[in-house]
Each structure stands twice: as C-alpha cells, then as structure tokens.
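Before anything else, here is the set of structures, which you'll find just below.
There are two complexes below, and they share chain A, which is joined by chain B in the first and by chain C in the second.
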Partner chain A sequence: MSENYDVIVIGAGHNGLVCANILAKKNRKVLICEARENCGGLVEESITNFVPQIPLSVSSSLGGLPVKYKAKSTIALSESGQHIRLVGNQHIDHKVISGFSSKDADRYVEFHDKMSSFSKALGSFMMASPPRIMNNTFSDYFKLFKLGMNVRMLGKKKFNEFARMIGLNIADELEDNFENTLLQGLIAHDAVLGSNLGPRSPGSLINLLYRMATHDNSIFGGIYEIDGGSKAFVDTLLDISNKNKVEIKTSSSVKRCITENDKAIGVELHSGEKIYAKKIISNADPRSTYFCLLGTENLDTDVKRRIKHHRSKGKVAKLSLSLNKQPEFINCDKNDLESRMVIAPSIDYIEEAFNPSKFDKLSMEPILEMKLKNSDQSNPVLDIQVQYASYGAQEGWDKIKDNYVDAVIKLIGKYAPDIQSCIETKTIVTPDDIEKNFYVSGGHWHHGEIQIDQLFMLRPIPGASQYRTHLDGLYMCGAGTHPGGGLTGIPGKNAAQAILEDA
Partner chain B sequence: MAKNTHDVIVIGAGHNGLTAASYMAKAGLDVVVLEKNEWIGGAAVSRELYPGWKYSNCSYVCSLLRPEIMRDLELYKYGLQIIPYEGSATMMRNGDYYAHYHDHDMTINSIRRHSHKDAEAYERYSRDVLRQCKIIKPLLKMTPPDLTSFKPKDLFGALEFAKHFAAKDELGGLGEKEIYDTIRFYTMSIRDYLDEYFESDITKAHLAGSAIIGTALGPCSPGSAYVLLHHYMGEVDGSVGAWGYSRGGMGSITKAMTGCLNAHGGKVKPDNEVVNVITKNGRAIGVATKKGDEYYAKKIVSNLDVKRTFLKITEESSLPGEFVERVKNFKIRGSSGKLNIALDGLPEFPCIPEGDPGGGGDMHFTETIEEMEGAYDDWKRGEWSRNPYVDMCIPSKSDPTMAAPGKHYMSVFIQYVPFNLANGGWNEERKQEFGRHIVDCIAEFSPNFKDLINHYEVRTPLELDNEVGLTEGNIFQGELTMDQLMFNRPVPGYAQYRTPLKNMYMCSSSTHPGGGVMGAPGANAAREVLIDMNIPQTGNYY
Partner chain C sequence: MNRDLRFTALKKTPFHSRTSLASRTNKYYNWNGFTVPTEYSTTELEYTAARNGTSVMDLTPMCKYMINGSDANKFVDYLVTRDLSQMEDNTVAYIIWCNEDGKVMDDGTIFKFSNTKFMLCCAVKIYNWLHDSAEGFDVSFEDATDTTAALAIQGPTSCSTLKNYGADDLELLKPFGMKQYNINGYDVLISRTGFTGDLGYELWTDPANAENMWDSIMEAGKELKIRPFGMHALEMTRIEAGFIQTNTDFMAAEDSLRPVRMRSPYEIGMGWLVHLNKESYFVGKRALKKEKETGNSERCLVGLDIDGDKPAVGSVIYNEKKEDIGIVTAAMWSPTMKRNVALASLKRPYGIKIKENIFAEIYHPEELEYKKIWAKCKVVKRQFFSPERRNKVPADLYE
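Showing the complex of A and B:
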C-alpha cells in the first residue's frame, strides 16, 4: 500500500482551502477532494450576502491574503420612512440615534461599549482550539485559566454582568435599554441571524457577542462586501493553493473513509478510486462526517446518539431578484440603497416570524436582510436573506415556494412600492436546496446551531471538540467545529494546527 | 406609637420567612415575623374561602421542601404530614391516556403501551435526570461564592463548587463526559433534551410539563430543561422526584413552621404590613408598619421578593444606584393562574380507567410539545392561552380533611396567564371569562364535571401579586433562567443573602436556590445571619 499524500482534505470550502494551504506551507503534500464542480462551498454569490473580515491571524498564516473589503453601513427600514442608518462609528451612530431619542443614543454608546468589551474577552478564546475540561494537559488548563482571567480582568462590575449575560435573551436586554422599537428590532435581528432562536429565547445574547467577536467587536461595524464578490475571494484562495502546490480534484465526491486498525488511512471516491494519506481532514459538516465518511458501524452508540441529535436545521433562504431598473425605496437615497438593508421592525415582529419556525412551519412575514447589487447599472440584482425559512418546511418547499417568494416580495413592497414592476426573474435557494447542492446537512450556515450546548468544548459534540474525531487520523475543519461559521477561516486554521501538533 | 425591640425582624410570614425565623429562634435569638395579611403562610396556605371546603389556594403540592429542614424544625411534631401520590396522567383526545406511577416498572409498562422505544429510553432518561438531581442537591444548601472576590471564604467557596463538579468520578465527582452533560442540561431547551431520548409526542408532552410550570419560558426556549430539574430535585419520604399532598392543605406546612417558631419563643404578628425599612448611616435598624408602629432590631431579614424589598419598602436613596437599576431589571414575570374548585362529588374522567393510580395525582391534557409552545406564544402576545397547559389534581381523594365526606376539592394550575393582559389589562369580566374557558377545557374530558361545581375561585397573576405579594404573580419570585441562578440570583454581587444595607438580609425565593416550597433560601439566609452574629449553628441542614 502506497501513501500518495500526507493529507487529504475532503471539501474545498473556504475552511478546507485555508487548512490545506497552511499544511502545504509546512511542506505537506496535500490533496483536496471536492464533490462539486467549483470550489468555495458556501462562499458563493447565491448564498453569501455580507461577510466579516478574515482575521489577521488566519491571513498571516497563509502568507497574506490579497482580498479587498468594502465596509457597509446598515439601514433599518421603517414603513413610515423613519429609517435608522448606522455605520458602526460611535460618534456618528450616537448622533443618528439622538434624532429618535436622546436617551437611546446615550444608552446605545454604553451598551455598545459593554458588548464590545465582552466580545473582546471572548475573542482571543475564539481564535484558538477550545480546551477540554479534564484532558489533564497543562495547555488546556492554561487556556481555561486564561479565559477566566480575560473575563476577570474586565473588573468586578463587568465580570458580574458577563456572568449574567451568558444565558440572557436579547429582547430583555434591549427592552431594558432602549425605547425605540426599530432600533430594538435591528439589534435583535443581528442577534438571531442564522440561528434557530427568537429574540426572546435565552441564549440569543451570546449569539450576538459571538457575531461581534468576528465582526471587529462591533455591532454594526465589521460588515463587509468583498471587492469583486465572493468569486474573487475564492479565486484568491485558489491562486494561493496553486502556489503552494495543493492539488485539487473537483467533481470527485468522497464515498467513505478507508480505515485500517481503527485508523483512517485514505478515502474512497464514488468513482471507486481509492486514495491513501497519513491524515484525512473533513471540511464537511459533523453529521456527514460521522454518518457518511466514518459510517455508523464505526461509532459507539453514545457518539451515534449525539451526532444524530446534533442540531443543524438551517433557517435562512436566499432570494435573488434580478431587476430591470432600480426600485424606489421610500425615503431612501442612493447611499442607502448601497447599504445593508434590514427589515425587522420590532422585537415582537421578529418573535412572530420565529414562532411558526419552531415546528418547521413558515411565517409569511419573515425578516429580511437585503443587498442591492449593481445598483448603478441597468440590471441591478436584489439579494435577500430570508429568515426563518425552515429546513424541511412542513408545508413542503416544492408546494409553497412560489407563495413564499410572493409573500417576501409583497413584504418588500411595503418599503419599495414599485418592486413588483421591476422584477425580471426570481430565484430562491432554500435550506433544502443548500443541503442538496452543497452537501451540507440541514443546509445550516454554521454546520450546526450556535447555542451554548453546541459551543466551545461542546462543539460539535463533547469528545470531538479539538478538531479530532472519534477515529484516529480523521479530523474536522469545517464550520461545525469551534468557533463556527462565517467567512473567517478560523476553524480551518485551528484544525491545521491540531494536525501539526499531532504529527 | 409603640416601640418594640427584638434581635431579628423577619418581613413576611411565607414559608421561607418562617424557616429563617425558626432557625434563628432555635439558635436563641428573639425573633418577630411581621405579616401583612391576616393569615399566615404567604403562598403556602389552606383557606376556607367557601364554607366546608379548604383551598390550597396558591401552591398545591409538595416535594421540594428539604427533608433536613423538616427534621431540624421537627415539622412532623407540629402536625406536618406528607401524603405521596401514586401517579400522574395525561388524558388524550382519542380517549386513551398516558400515565406515570410511583412504581418504576409500572411506569415502564405504561409507556410501552404508547411506544416500545420510549419505554427503553425512559430507563436511560430517569437515570440521567436522577444523576443531575444528585449533583445539584448539595449546591442548594451552599451560599453561592462571589466569583469576583478574593476573600478566602469566596475563593474556598468557588473551589468547593468547582471541586464538586471536577473531582474524578471515583471520588464522587463527575467525569469529563458528565460535566459536558451537566452544562448541556443547564442550557438546553426541554424539547431538544427530550428529543434525545423519546419519539412519541405524548411521552414528551407529559414530561415537558415540569419544565414550564411557573416559568415565562416555553418548552422550546433554551434553559427550560433546568426548570424541569428544579421540579425534580425534591423528594417525599426519601423517594427522589416524588410529589405529595400536605395533609390539610399547604397551610399545614407553614402552620407547622409557626408551631416550631412559637415553641422557641418567636412570634408571628399578622395584619402588620411593613411599609418602610428604617435606615441610619447605611444600616438597617428597624421597620415601620402601616399601623404606625415601629420595630427595631439588630438584623432585618426580608422574605419579600427582591423588587418589593428594594423598590417598595426601602428608600431608594439609601441604596447604590447601580443596584437599584439591577433590581428594576430583575425578571419576575407572572405566567400562571389558578382555579380552586369546590365539587359536590368526584368528577369522572372516562379516559383514565377507574382505580388507576395514575388519576390520583396531577392530571393534564396537553398531548404535544407543539401545543404547549403554542400556549406560550399566546402568553408572549399578552393573552392567556386558549389551549393552556393544565396541572390539575384532587387532593381530597387522598386527604379527607380538605372537604366534607363525598365532597371534593380540585386544584387547577394553568400555565400561561399573563400579568399584563393585552388590550386594557385584567378586569372582573375578563377574569370570569378566563375562568369559564378553563372550566370548559376540563369539561371536555369530564362529562359530569360542570354539574358538580359548587363554587370556584379564579386566580390570575394579579391576585397573586395583590394578595400574596408575589410581584407580577411569579411563583418563583424571579425567573429561573441562567442569568438569575446561583451567583447571579437575585443580583450579581449580592447572591449571599446580604444586601447593600448593613444588617439587612434577604431570605425569599428571589435568592439562591430559587422558588418552590423548598425552604432552602430561608435556611441559607438564617445561616448567614448567624455567621455574622457569631452564633454557632446546629442541625442537620448545616
């Protein structure tokens, strides 16, 4: 048996590419097997709307990542035309909010400072592999101690506040602080984005902190668009891969992991081809990794049960409307149309949209995050992220898709009355489509819910938290691992480190 | 104007106030308990509101009361008797029923009728939950350490907490896997938790009930699994998780406590509402009552919830602003209502076969978690649930002292009823409409129920607030969510029963470990007072 490669990475999503390149730079011979024709996974126009910036630690371990970002401001649309426009700069935002309520403006700055210091305390923890509680290794204890100290160094008052906030719901915190319902709705929107929580679900606050930690520790700053779109981003990663001599096999989906003596030694493709390597890394989601690659016969019941109940039902659909002219949004100027437009008018509105989704039903009044592409050209495209569009909707996506799209357009019509007449074509990508087309179980952005019981050392499941799986030689580097999804590359980087440590 | 001086004043004669008072009286202190109502017992009372029937008109079943407290205060000597009940049942619209029994094997057989897989899973489930109960039990008795303090007491306390979790399995602590399971249990929703074990809706719905009683969370809200644990960690006669009736109604508990207090020289003064805490230089020195009397003492212990204590009877100016802000934002939400019904006979529930012990305890008719969550969604909108979760029982079946022979008393607890009703709030008409609706819901499962009704009392969160003094009618005196448990309860930095005012303490359910007729907050608070007064403590509890 010949070992052809040092490492095989399964899946060329951005985390897989990051992981492969870091290993290649350390002189490993790396092969990536990608099931689809294109690389990049969920980093694609049809999925991604806005992205955070790749952290410096990730780009520097790749030897630099020449990607240009364009910062985006946010506008919360209101039916009455009293929109709130925020840019992520404290002084400007304070002034904007004072226009609605001077009390809210002052509170906002306080609230933001507090949240920002918490997300910073979490931040360093997110960049590294999470410690296990009783691994009895010095480095794990040290990491735990460091996190404790990070939080403790915030000071007594903030420490207490932090301890309180971990399980809090965002609605309570916002209602305690602000009176403007549109502002409440906007912040709550960002707290529940991509998750299976409503603003009144405990744990939605840590969701926001989590998001802030990858978005420059800011609520409305740190939201970017990539120059040239996500294609430019993926191309850059592919260029680097070329330089690092990473081999990429597209259209080659992996059927299973080949094991010998309880160790992963290679992969078998659906074509029947077998490729061997010292280490295998899966960029697939945890469920696919365990159930498809590892196979249930290799799992003990406890692990099987945990993976089976790993929660990864996607809640976000992407609707793209290609338009024949620029729609007229009420009381919006050109600048507004270029920002991130959010329709989530109040906490109660979001909660009502969330309610049916708990049992996989659809609300006909969902919450939206919109981006107008090519706004200055004759054929603009309105990209809309629609939440809570449940995976496996009870109504049946095939049956209800058209009605749902119409409902969303009708909703947009409240803010842009002429939208209907501008539409040329409409395409919707539901979580079910994401599952089918991108091989992500449940079609979840983060490959698994971001909730406390699936975070840190519990991500994706207890016992597999440090990028290692229950099978020797098989690793995970996808969004299902700590710290989760978003265009950050951190899981990929951390996984590469775990492999280098083991070698 | 009378002037009275004592060692300790306890404000409020609820079960925690009386527990704290009894412990302190036993330690030799001169204790007086001031109660606003004419009756004693707070939310643990038996009242004859309709001639011939005794109503446990607030709390209605017993399990959480710590056995050490019962022994220390010799409650059995003062007349307390707990009658365990044999089972519980959920009635189904198709005429079938689902029951749990005191006897484990009977429960398994009963579950097997609905799902073989669930019957198997129940073994695993009950073992796992029991394990969590054992883990949490010693924590109930602890004063939560202040994690921000570097005082030796707090450092050791934190260490004790950590040791408890982190010790190796052989040493009685938890292994790594179990720590993860504990973290998950504390943060998950009951729906997700039960999904990991069971397949049938009825099993899940029956079990999930315990996770929503009294809370403003739904079965899908993360954190609701903990509420289930909170209801499971009690015991009756050493049988963990069992529930029972207090003979003579819940008032017998507080009556026995008062008996213990009196025997040790303490006094309860009903009809003495405290309206003001008298302070001097940042110290609490006494209280003033509505009648105009003033009482002075070395220590003041408040059994009122944290909001009432600091926003109603204490001058805001004597407290740090930040503390007041925190207290204002303390979540204490009314989510439950109650019907107390005097019946002329035993209502028939055709779903449950006659003589089946499943009908002897709490009965429900919510068949799916989705229904339950729907009831919660109504509440979030500010309405009472049209299809509510109901926890009803007929204590007079096992306790003849509640009603005359042949007559019966029925307690119906209703989950989700808002304190602030949308569109104008509560009034008499809307309250009666709510009562009628609940009666209709029950009548669906009992053909002769309506004919047997002699009288019923409707209680909304408003009544619980006004009459018993539970803010917003929250039965736990504060939501049992992560942000308000352990060292966060009631307010971070003040979780050790002490308050910003020197010599003033809290002993209500607003403090660790929280609500239920448990007595632990009272006993813990008494311990802290005694420590501060350098009085040695005795008893099983400490």
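Showing the complex of A and C:
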C-alpha cells in the first residue's frame, strides 16, 4: 500500500474543483474521483440558471477565475400584462415601483436598506469557516462574539429589529410593507426559492437574508448569468485544474472510505480499485458522506440521528423546452425576454402552490423562474425552475411527469399564449432524477435545507461543522456545509483552508 | 371514567397476586411503571434472608429487549463498550453503553442465545435508542418487558431451592451462564446472575407461569429459609456488593439536564468494560479513546470505609483543608461486614492518587436533632462483600 496522493476529492462539483485547485496550488498532489462521465455536477447540467458572482476571496485563491458575468434584471410577470421590471438599482427600482404605488416605492427603499444592512452584518460570517461550539475554544467563541457584535453595531433599534425578524415569515413582513400583490409575490418567490418553505413558513425571512448575503447584499441585484453558460464556467475550472495538475478520474464512483485505526486513508471505488491518500474530501451531500462513505457501522447513534433528521428533500424541478421560434410573451419586449422571468403573482398563490408539497404532493399551479436562452436565434430554449416539485412525490413521478409538464406549459400559456405551438421537445429533471443522476440524496439543490437549524455552525449537523467529519482524515466541501449551496465556491475554499490548517 | 387516571395507573406484574399476599406492610413503589413492594415485612429480616437463606424478588419491571436478526451479534458489539465478539452462546455478560460523548447511558446484562438472538436487560428504557442505533444493521427488536415474567432467587441456599423446584444439575451452571429448563410444563430460562453479590439466579418465563412458579419455589424453599424481599433489602445487598445503580451512583447521560453531570465509564469505575482495542467501532469509542489518551477524566467512583457506625447517607466528602471533593451516592452500615461503608463520587485526583485524609461530614438525626460527625474515610475497593460461594462451581447445596 502506497500513499499515491496527498488528497482525494470525491466528486467534481464546482466546490470539489475549487477545493482541489486551491490544494494543488499549495503543492498537494490531488486526485478527483467523479462518479459521472462529466465534471461539474449540478452546475454542469445548469440546474440553476441564475447565479451570484463568485466572491473575490474564492477567485483570488484560485489565482483568478476568468469567467464573465452578465447582470440580469428581473421581471415579475402578470397575467394582465402589468409586469414589474426590477434591476437591483435603488433609484431605478424606486421609479418602477412608484408606477404601481408610490407608497410601495418608498417602503421598498426602506425595506431594502434594512435587509441590506442585516445581510452585510451576516456577510463576513458567511465567507469564513463557522465556529465550532463543541470545540470550546477561544477562537470559536470569538467568532460567534464577532457575529453578535456585527449585528449589535447596527445600533440598538436595528438590533431589536433584527431579533424580531430573524424567525419571521416573509409573508408577514411583506404584507406589513407593501400593497402590490405582484411585488409581494416576487420578493416572496426569491425568499422561498430552492427551499422547502412557503412564504408563511416561519424562517422564510432569514432565507432571503441568506440569499442577499451572496447576491451583493441586494434583493434583485447580484443576479448574473455566466457568459457561455454553465459549461463555460466548468470548462474554466477544468482548465485551471489542468494547469494545476489536478488529476481527474471520471466514471469512477466511490463505494466507501478505507479506514485504518479510525482514520480515513483512502477510497475504494465500485470497480474494486483502491486508491490511498493522506486526506479525503467529500463533495457529496452529508447523508451520502456519512451513511455511504463513512459507513453506518462507524457512526455514533447520535450522529446517525442527526443525519437521518437532516432535511434535504429537494423541491425544485428543471424543465427545458426547446422551441422552434421565440414565443410571444404578453406585453414583453426583447429586453424583457432576456431577463429573469418570474411567475409568482402573489403570496397566496405561492402558499397555495406550497401547500400540497407539505404532503409530498404536487401543485398543478407551481411557481416558475424562467430563462430564455438563444433568444435571438432560431432555436431558443426556455429553461424553467419549477418550484414545489416534491422529491418522492406521492403521485409517483413516473406516472405524473407528463401531466405535470403539461400543467406547467399551460401555466406559461397564460403569459405566452403561443407557447404550445413553439415547443419541439420537453425535458424535465425532477428532484428524484437529480438524486439518481447526480448522486445527491433527496435531490436538493443545496444538499440540505437552508434553515436556521441547519446553518452556520449547525451546518450540516452539529459536531461536523468546519468541514471536518467525525472521521479523522475525512472532510466535506459540498453545498451541505457552511455557507451552503449556490454557485459561490465558498464551501470548497473554506474546506481547503481547513485541510491546510490540519496538515 | 377519567381517562387520564386510567392511563397513569401503575401496572401490576404477573406476580402481583402473590407479592401482595406476602406483603404485610403494603408498601409499594413505582419501578418502571409497575407497582412492586418496597418491603414485605422488615427490611432487616429480608436482608438477613438474602445473606443466609434464599430471597425472592420480582424482577419483572426490568426493561427486557429481544434483539433478533442476522446482524444481531455485530449490533450488540457496536452498541456496548465491551468486546462481545468472543462471547459464547448461552452466556450472560455485564455491559454498559455510552452516547457519542462517551458518557454512560446505563448498565445492564446481555443474554446471548445465538449469533442471531440476544436479550438485553436494563433499568432505563432504550427502545428508541436501539432503533436509532440499528441504522445499517439487519436487526429487529421486541420489547419483552411485559411479556416476560422475571424472578430473582438469591442467597446461599438459592441453588438448593431451585433444585427442589426442578432445575436439575443447576449447581454445575457457571457464573454468568444460562440454561433453558422445562419445569411444570413451562419453559424457564435460568441464568446465574444477580444484584446481591452472592450466589444467586434469575428466572425468566412466560407470565402465564408466574403464579405457579412463585408458589412452587416458595414450597421448594420452605426448609431453606426462603423469603420474598423488596427494594430496600436489595439496595443493602447491592451496596455491599459494590454494584452501581443508574441515576443513583451516576446520572444516565440521557437523563441529565446538565452536561457536566454526565459520567464516562472511567469516572464510575467501569473502565474495565471499555475495550478500545475492539476491532469494530462502538458508540462513543472516539470520545472514550480521547479521554483515555488525554487522561482528562474528572471524577471517580470509589468505595469508602468510614470510621464509626453512622451511615454517611448523602454526605459531602472533604479533604483535610475542608474543601468539597465529592459526594456519597450510597451508604449503609453493613451488618454482614460490620463496617460502615459507602460509595462516593470524588473529584480526581482524590480517590485515585490521593487516598489519605479524606473526611465525610455526616449528619446523623437523633430525635429531631442532628448530630454532626466528622468521620475519617479510607478509600477501599468498591466490592465490600464477595464470598467465595458466589463463584463456586459446583454451587453449594444444602438440605
């Protein structure tokens, strides 16, 4: 048995790639084992259409990440054609909203400033490795103290407001502030996007704050599209990997971690091949990492409990419609079609769509976030994120898939009456498909709910924060770790730091 | 009828018709949801029977879980700190189990029938814990607490009593051995185990056989000084034997509200049950290994031999500078040993490295006034009473 590598990364998702490259730049010999044929994981298949910008701290530790972003504006579609178009700029947005309600416009600026200051206070905490309370060390408590101070420094009034809002549902806050239901629906949509919450679920507000913290502390700003699509992004990462001499083995799914004296010393592939390394990093979700890689027989009962209770049921499906011509959206110009189009007309509408999902059922009137690709060419593609498409739907995805797709198309038809005639092919990727094809338990975007009991030092589970698992030598760098999902690369970067600290 | 009252009523054990008949004092207490006698006549008399004749105790309220399945042997090895991989069929082992922090949850006994069938016997309910631990193992559980009647037959003449009852060749059964009998048409499992530190057995049978079994054993022991005994007498015998009791000598990890009250095996004198060199993982291994390596155990549970004859119940223990260094968890005047003994939880290094100049502050009630006694203590082995007959094979027989 020889230690061939310094580090083996399991999974070539973007966090795995970021982590591998940072380590390779520090002269570590790195191998990535990827179960699929392609790298990039959920990013490669462009599960998400709109992304935040990779933070400077991540790109600089990679030695620069030559990716071009295009800022996107947002349009909330209305059946009547009274769409709201927001760009994330206070002055412009104020003007736009005052076209609907001058009261809302003023309130929006106030609301935005307040939320923005909160998300800034969270910001530094978001970027760094979270404290580990179970460690009982000074530096960990200091980190926590700093977060408390960040919020306290906002002033007594804002601090009280923060304490009031932290567990609140987004619907209450929006209804207190705004009268326009479409605007309420749009903000509520962004608050619940990718989560297992309805706008009236407690905790949906912190979800929005969390999103803002990675999106330039803005509600509708900080939303980008990558030039060349997600493929370009992954290719860039692969180029860097090439330069850094990171080895990548595709179609090599890992069966388990090899341990010796309760320390991870290598991995065994499903093919039977065994590869050894000093450190193992899992880009897989927490459940797979613990139950498959670590193995249930190596876990304490309490840890099994936490992993079993880890909430990671995906709620978002991706529907791609390839079209033969550009559909006519009511009252939309070319610019609008290039924006992020959202169908979530009101809070009540979203809540109705959410209700069946509580019982693992599907609403036939879901909420949608859409992107029209190649809009200027003859073969445009409409990519749609369909929310509250429950993982393991009771109706059975096999049976209901076609009906569900038709229902979504019918819904789009209300805003683009000719959509039906434009469609050539339709493909849907349900959370069940994500689980099967991408090896993400529960098919959750973020490898686990972004909710207060699964955030910061509680992410993914207490005792496993700071990217270290319960097994010596096994680390985690996926979206299941702090600060969570989204195309940020922060988990990957922080995990790499944790490994360098331990070495 | 008031539903709540009905549901909170304590259950009666299958022996209740007999134990209530034998009880002269009508003193009962709640043991694990069952009503069982605290004492039948006088505790002293019952204690004396346990040390000189045969004592009978209704054990039915003990939690009993059947563990079945192809991974049953792997599972119990994973659950407990002791290495059970070499355990033989038809034997019993004393065990403890811990949570992830290596803090003791409870102690108990495990009965091995075969690699696929075990019975776990303990004080604290752990059905939930078993299920959550079972993730990844092919095992199933059955709570046999209500469906198994259990009786402890303890004392020097217990073997003879049971032989009269129909347990042939019982004297050949080794300590921690068990044997299946068919007596009076019913299956009876007899194990050479007990909580008195003396020769003794425990009988496990169908509840339908309970009354018949009680009657037959009482008849069989008529000439052998047989007597039912209650909780108070048991408490005396177990202190003499140096056995620990969950939530008395240490707090069960799941029951302590304050994390600092939880105890590791090393802190309650159970380090000998922790096999860190066990090949497979067991719950709490990482934490226990760390504790062992760093040696940062904070407490210890020791036996104390105390000057004078006043039991140090609940006493605070001091060093010579009158600094509080621990507390007595159980204490008594031992009639058999003629010693004033106690179990005490001390802050290390007291009890381990420093065994001298330890004092107990005893408040002895005397007709509505307390007499305060400052008594010198000697740290001794916890096992105060351990007669040769306890482990003798063949066991002593009497006529």
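One rule holds in what follows: the second predicted complex is superposed on the first by the 500 of 503 C-alpha atoms of A that agree within 3 Å, B and C clash if a C-alpha of one lies under 4 Å from a C-alpha of the other, contacts with A are read in each partner's own complex, and residues count from 1 in each chain.
Just so we're on the same page, contacts are C-beta pairs under 8 Å (C-beta built on N, C-alpha and C of every residue); 3 or more make two chains touch, one makes a residue touch a chain.
Please read all numbers here as calculations on a predicted model, not as lab measurements.
Enquirer: May I ask you to decide whether A:His470 touches chain B, chain C, both, or neither, giving the answer as first, second, both or neither?
Expert: second
Enquirer: Counting only touches as set out at the top, which of chain B and chain C does A:Thr296 meet: first, second, both, neither?
Expert: It touches chain C, and chain B stays clear.
Enquirer: Touch check for A:Lys249: first (chain B), second (chain C), both, or neither?
Expert: neither
Enquirer: Name the chain, either chain B or chain C, that contacts more residues of chain A.
Expert: Counting residues of chain A touched by each partner, the higher count goes to B.
Enquirer: Go through the superposed model and pick first if A:Lys274 touches only chain B, second if only chain C, both, or neither.
Expert: A:Lys274: touches no partner chain.
Enquirer: Pick one for A:Glu161: touches chain B only (first), chain C only (second), both, or neither.
Expert: first
Enquirer: Is A:Lys231 touching the first partner chain B, the second partner chain C, both, or neither of them?
Expert: A:Lys231 contacts neither chain B nor chain C.
Enquirer: For A:Arg305, decide between first (touching chain B), second (touching chain C), both and neither.
Expert: Touch status of A:Arg305: both partners.
Enquirer: Does any part of chain A touch chain B in one structure and chain C in the other, and if so which residues?
Expert: After superposing on chain A, chain A residues 305, 463 contact both chain B and chain C.
Enquirer: Spell out the part of chain C that touches chain A in their complex, as residue ranges.
Expert: It is residues 74, 78, 99-100, 129, 132-133, 135-137, 280-281, 283-286, 289 of chain C that touch chain A.
Enquirer: Under the definition above, what is the set of chain A residues touching chain C in their complex?
Expert: So the residues of chain A in touch with chain C come to 262, 291, 295-305, 308, 463, 470.
Enquirer: Mind listing the chain B positions that touch chain A in their complex?
Expert: Contacts found on chain B: 147-148, 166, 175-177, 179-181, 183-184, 187-188, 192, 195-196, 217, 220-223, 322, 329, 331, 370, 373, 377, 380-381, 481-484, 487-488, 492-493.
Enquirer: How about chain A: which of its residues touch chain B in the complex?
Expert: On the chain A side, the touching residues are 132-135, 152, 156-157, 159-161, 163-168, 172, 176, 197, 200-203, 305, 309, 311, 348, 351, 355, 358-359, 451-453, 457-458, 462-463.
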